[in-house]
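Pasting a structure below so you can have a look.
By letter and in written order, the chains are A, B, C, D and E; residue numbering begins at 1 in each of them.
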Amino acid sequence: MKVTKAVQAILRNYESDNPGVKGNLARILMEGKLGGTGKLIILPVDQGFEHGPARSFAPNPAAYDPHYHYQLAIDAGMSAYAAPLGMLEAGADTYAGAIPTILKANSANSLIPDAAFKDQAITASVDDALRLGCAAIGFTIYPGSTMGLEMFEEISEMRAEAAAVGIPTVIWSYPRGEALDKNGETAADISAYAAQIAALLGAHIIKVKLPTDHLSLKEAKAVYEAEKIDIADQTARVRDIMRSAFNGRRIVVFSGGAKKGADSVYDDARAIRDGGGNGSIIGRNTFQRPRADALEMLGKLVDIYKGKA
Amino acid sequence: MKVTKAVQAILRNYESDNPGVKGNLARILMEGKLGGTGKLIILPVDQGFEHGPARSFAPNPAAYDPHYHYQLAIDAGMSAYAAPLGMLEAGADTYAGAIPTILKANSANSLIPDAAFKDQAITASVDDALRLGCAAIGFTIYPGSTMGLEMFEEISEMRAEAAAVGIPTVIWSYPRGEALDKNGETAADISAYAAQIAALLGAHIIKVKLPTDHLSLKEAKAVYEAEKIDIADQTARVRDIMRSAFNGRRIVVFSGGAKKGADSVYDDARAIRDGGGNGSIIGRNTFQRPRADALEMLGKLVDIYKGKA
Amino acid sequence: MKVTKAVQAILRNYESDNPGVKGNLARILMEGKLGGTGKLIILPVDQGFEHGPARSFAPNPAAYDPHYHYQLAIDAGMSAYAAPLGMLEAGADTYAGAIPTILKANSANSLIPDAAFKDQAITASVDDALRLGCAAIGFTIYPGSTMGLEMFEEISEMRAEAAAVGIPTVIWSYPRGEALDKNGETAADISAYAAQIAALLGAHIIKVKLPTDHLSLKEAKAVYEAEKIDIADQTARVRDIMRSAFNGRRIVVFSGGAKKGADSVYDDARAIRDGGGNGSIIGRNTFQRPRADALEMLGKLVDIYKGKA
Amino acid sequence: MKVTKAVQAILRNYESDNPGVKGNLARILMEGKLGGTGKLIILPVDQGFEHGPARSFAPNPAAYDPHYHYQLAIDAGMSAYAAPLGMLEAGADTYAGAIPTILKANSANSLIPDAAFKDQAITASVDDALRLGCAAIGFTIYPGSTMGLEMFEEISEMRAEAAAVGIPTVIWSYPRGEALDKNGETAADISAYAAQIAALLGAHIIKVKLPTDHLSLKEAKAVYEAEKIDIADQTARVRDIMRSAFNGRRIVVFSGGAKKGADSVYDDARAIRDGGGNGSIIGRNTFQRPRADALEMLGKLVDIYKGKA
Amino acid sequence: MKVTKAVQAILRNYESDNPGVKGNLARILMEGKLGGTGKLIILPVDQGFEHGPARSFAPNPAAYDPHYHYQLAIDAGMSAYAAPLGMLEAGADTYAGAIPTILKANSANSLIPDAAFKDQAITASVDDALRLGCAAIGFTIYPGSTMGLEMFEEISEMRAEAAAVGIPTVIWSYPRGEALDKNGETAADISAYAAQIAALLGAHIIKVKLPTDHLSLKEAKAVYEAEKIDIADQTARVRDIMRSAFNGRRIVVFSGGAKKGADSVYDDARAIRDGGGNGSIIGRNTFQRPRADALEMLGKLVDIYKGKA
């Protein structure tokens, strides 16, 4: 597999990492229909944990079967498939070598009392990732939560362990918790801050939500206004996030949240592309649609990232 | 022992597991009167911990003796016998090789203050399971409890340790805690969610309670109604749980709760069978009855799972 | 699985062992056509290591395939199947739970210089046995070899490790080495001595060769003659070996060596049975014959051990 | 990357291995011009250790540079590149993700006294393989050497460690040592025996030399003649080796030895292909030729394995 | 300290190493009068171990004091100072931060019987190197010795440990032992081979002796002649060694052996420089001379490496 110049340029940014970590990043970046472009789309299926099975899979019942998602990711030419331990184990042998997988190593759920909700449980290990042949581990942090510092410590340790054995880390950086109101969770300044924190923690790939044009922190708002930082449209906000991710030296993928209209999904992708983002991590908007619709949508997203749509 | 095609088909779903884990699952699935059918009945006796001896055993005083339960499980042709460390140790030598045992590795009790009740103590280890020749370990989680995340972490670690040495894990997934009211604990959506969480945590066998037709979580209720998910009768609800257990790729056994009329127990079993469930885990309804009655009831349950009653 | 009284009586002799070890001995003793009788026949296939593939499998080419031996052992109703790591791994998933397996943990070969021949290499571990779901480990010692003491130390350590996790040990006790001439290797006194050494090392099952009436050690010869120990026929010699194995408190199985006439194999089995031995470990005499012949021979051996032939 | 049916069929033979090991085997089998066919060609460059730099690289001085070999393997569409630690480290970052690498973990050299020559030094670890992102480790054993048993023990331990973290093992099984004369090292019976030993030790990929029609061991010779095992031509001898590798359940690649005429190399490959072998491991015959010639030869070999030449 | 382009180019060759290792290499390469040129001179003082104190220090008694060597290395503008544990400890506090030190981690001596002479004792650890603030560890191997393989294994392990904590390894690769006669120890082919072995073992800096034009190994001699490899003069031989050190991708320093005339030392340095070598490691020729003479000689060597003399 010749690694393209575009991907080599990205790998050079991970300059302190060993060849094992870079090799796994290359596996993801060279996979699927966007392989070699420096862009990527990841299929994440961890909603069964967070929202329960009915909310996640009932709209498209074939998705109750873990094999469905492996097959969808492969057929759609995705870059990687991310899921918790049980989901991966249920198909890891059948699909060995067929697509890079990302082991989501901590998980939240909607059944725990509100007070504890701003934390997640560690439900898988680096050893699991090696045994299952995963190309990366994934981990959620909640900047803004009382539990945030503890989560930072957890992923710091796990990342170090993973990187030593050649496994990169994807950090889901989701502002949430007592420090933030609902608007704050997706505020432009907070999203950029979340990307920065993930980068500082050593994330190899950063996942954040597409932000709104809201500014949440008073002091940050002052600076955004004084420095005339452009956050007027989605493209500008992606650009602000990318420079917050070490001026683009780290891969950032964006999630779109709950299922919504296809045009809205495409507009998001164009904004990510034009703002210099690396791609999408898109779950519910694909697996909750009928398979044919999901394949069509993902095909269109691929075209957008290739600059053809 | 020729492993039947029905059992081989189940084992193939555990595709990431080593032959040791599959061999122990086969030991359980090939044991007793339902051996080879793909159905199973487990006798669990952990009520001494949770409810104290009098509430558990006084209705049938012979049951104070740990040997009683081993013998009952063997004579009734059960698939396995599950109990805490002390109960197993008190008969493990006498009954070595006589029936697969499941070491219940954590335990609750009624003597601790209510606030802490939604947790359990880890009271046995994987080393104990190996030393005692157990075919599996068992572990209770309380989705819905403040302590839930910690319990998830505990069983994640113990499951990994056990699976590495060929021992499968049975997760008792019992919704309970501050996040749920009494109706919520057995709500249809919550039970399916509990099964999903156990599967995601890597359970090889999942134990949930038979649910009611109540729907507890607002967002889930909306989906159940929008997608017209059938939860009208017990059979339908079992079916919903089975697809929430990786579309039936994981073994699920159902508990019936407190002692009740025999007909009710039989109706439950028919619903489990017809909904595609794998079997029952039935304790108080057997060992609190006189031995002859218990044997009769278990014989009838075997017939039901064989489709003869 | 009700453990028969005959088997329970045997298990009681292993009085210092934990229920895990006894449970695995019970799995072997309750398996197959001799299950429950206290007699056993083990199919060992480690000749590929010791004699090479052509000498081992060319006479019956189907036997080149590791699955062949699993299937033969199952179809013939054997008690267990013993082989080195690679052979077991090549079928352990397909045949998970189908027959107790014994992991041969050290191996000799015919390609090493004569000076080193009286040793074996350790080629598998207790962890392998757990992972592969084995019911026992097997280990060869060469009493009579310079390397003998080191081999004793190796199996002492491995046996302790195995027994702690519930895995019994089968010791292949083969007199060989500088201290013995060719006749000595199968001398009556030496075979009894070899059985004693294995028992002293803590073997749960002892494998020795059927001896001749030769007496090898001068001092032993004197005693055999003074005490008029009967070694006139094979039955008497088996009896002498059994009392040397803690007066029959340890299971002893006998090997018959190279392929020979069927009647000779049957006579051996009758002698083993009548002398109080527990059974046969019979490899080349079965897998080097066509499958139909092997099944017929093993069926006849089962009948002999059941006292019907 | 859709794994082809041909490759999936091969992976199913590794039935006791975890998805990590299978994923890495798939990486190798899906790589390069033979990707997906079930055939493979590996470029090994460990001669610098064994024969010294001049004998290895002077005929084609560009080959003194470690990058040369990475680039040759990639440009020629090889399945994998195998080398000792230093060679891999010198290019592992530049070529991260570009081609599966095999870390040769032990090494011989021509500078040690003859008595010690039949051993190798362990010069790399499983941790190195993870850190460098290798798809496999490689290890040489010398059946026939006094040190053979120790080498078997070394690779048994290292293989177990590697397989647990998802890394397969390639065993170079080279008969050599006091027990064998020069003709014996490449005798037909010895080569088949060497393949069998590697398989029994748990090799995922076996490397042996193409044998001659010589028969070395007296007892084996008798069997080859009695059973009329065909070793008349190279194709027949490859077939005999393949069935000695668990009836083809293990991947076997063949080496051709010292540099020789191109036609001879092609004839070897046709014999490997027609005898059911999986491919070639070809070093000196490629990197000692000028790059253009090497590319032409490797292209032709690819065609042969594809059945086009 | 701006790292020069010449040094950065060298560091880029160490592409699989972490920034810690590269940082320490940079410390050495940027130190002293040759700092930044890519050339280096190391002062080694391990002769006290190997030859005893009188032979080493009596010619210049000030050299009995360990501080003498630190001060000499600093005053002469050396790149690093290498010595065994005791020598370093005796000055490491006084000279903390003053000059990069290399902890010689194994040592030979003249007091052991000849048979054992071809081995060394490990007399310091990576922990010692960290504790003493060393910039590298040093280790001698004896290719050609019966103990060679064991020494390779020792340094493989120690190198991995050191590199993981950011410490590079200098390998003294000294052909010696039963396989070589006296001429062989410094033969051109053997020296190149020794450099290759050190590189393959992962040496960051390789130390070999300047060779003669003798060719020792028959097979190598044939290649040198067939390929017309130029070894006519010292410059050509250095060039041959450099390409044997991964085509110059590894730093190689050359030693000059016993004390000799100054002109001879200068000629050696010019040959090293003109052949593309990186520098000298020069002990007895400096510290056995009066300090003023030593400073003058080292000043002249600096000039030579700068191309001024």
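What we mean here is this: a residue touches a chain if its C-beta (ideal position, glycine included) is under 8 Å from a C-beta of that chain, and two chains touch if they have at least 3 such contacts.
Values in this document were obtained by computation on a predicted structure and should not be read as measured data.
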| item | value |
| --- | --- |
| Most distant chain from chain A by Cα centroid | C |
| Pair joined by the larger number of C-beta contacts - A-E, A-B | A-B |
| Chain at maximum distance from chain D, centres defined as averaged CA atoms | B |
| Rotation angle superposing chain D onto its copy chain E by C-alpha atoms, nearest 5 degrees | 70 |
| Proportion of interface numbers common to chain B and chain C (over half same, under half different) | same |
| Chain C and chain D: spacing of chain centres that average the CA atoms, whole Å | 36 |
| Between chain E and chain C, distance of the C-alpha-averaged centres to the nearest whole Å | 58 |
| Inter-centroid spacing, chain D versus chain A (mean Cα positions, whole Å) | 40 |
| Sites on chain E at which at least two other chains make contact | 15-16 |
| Contact graph of the chains (line, ring, star, complete, other) | other |
| Pairs of chains satisfying the touch condition | A-B, A-D, A-E, B-C, B-D, C-D, D-E |
| Of chain A, residues touching chain B in the complex | 48-49, 51-55, 57-59, 61, 64-66, 84-94, 107, 109-116, 119-125, 127-128, 131-132 |
| Chain B residues touching chain C - in the complex, by the definition given at the top | 1-3, 7, 11, 18-27, 29-31, 74, 92-93, 95-99, 127, 130-134, 164-166 |
| Residue numbers on chain D that touch chain C, as the complex places them | 13, 15-17, 143-146, 148-150, 152-153, 156-157, 160, 175, 177-180, 189-190, 192-197, 199-203, 217, 219-220, 223-224, 227, 229, 240, 243-244, 246-247, 249-250 |
| In the complex, chain B residues that touch chain D | 15-16, 18-19 |
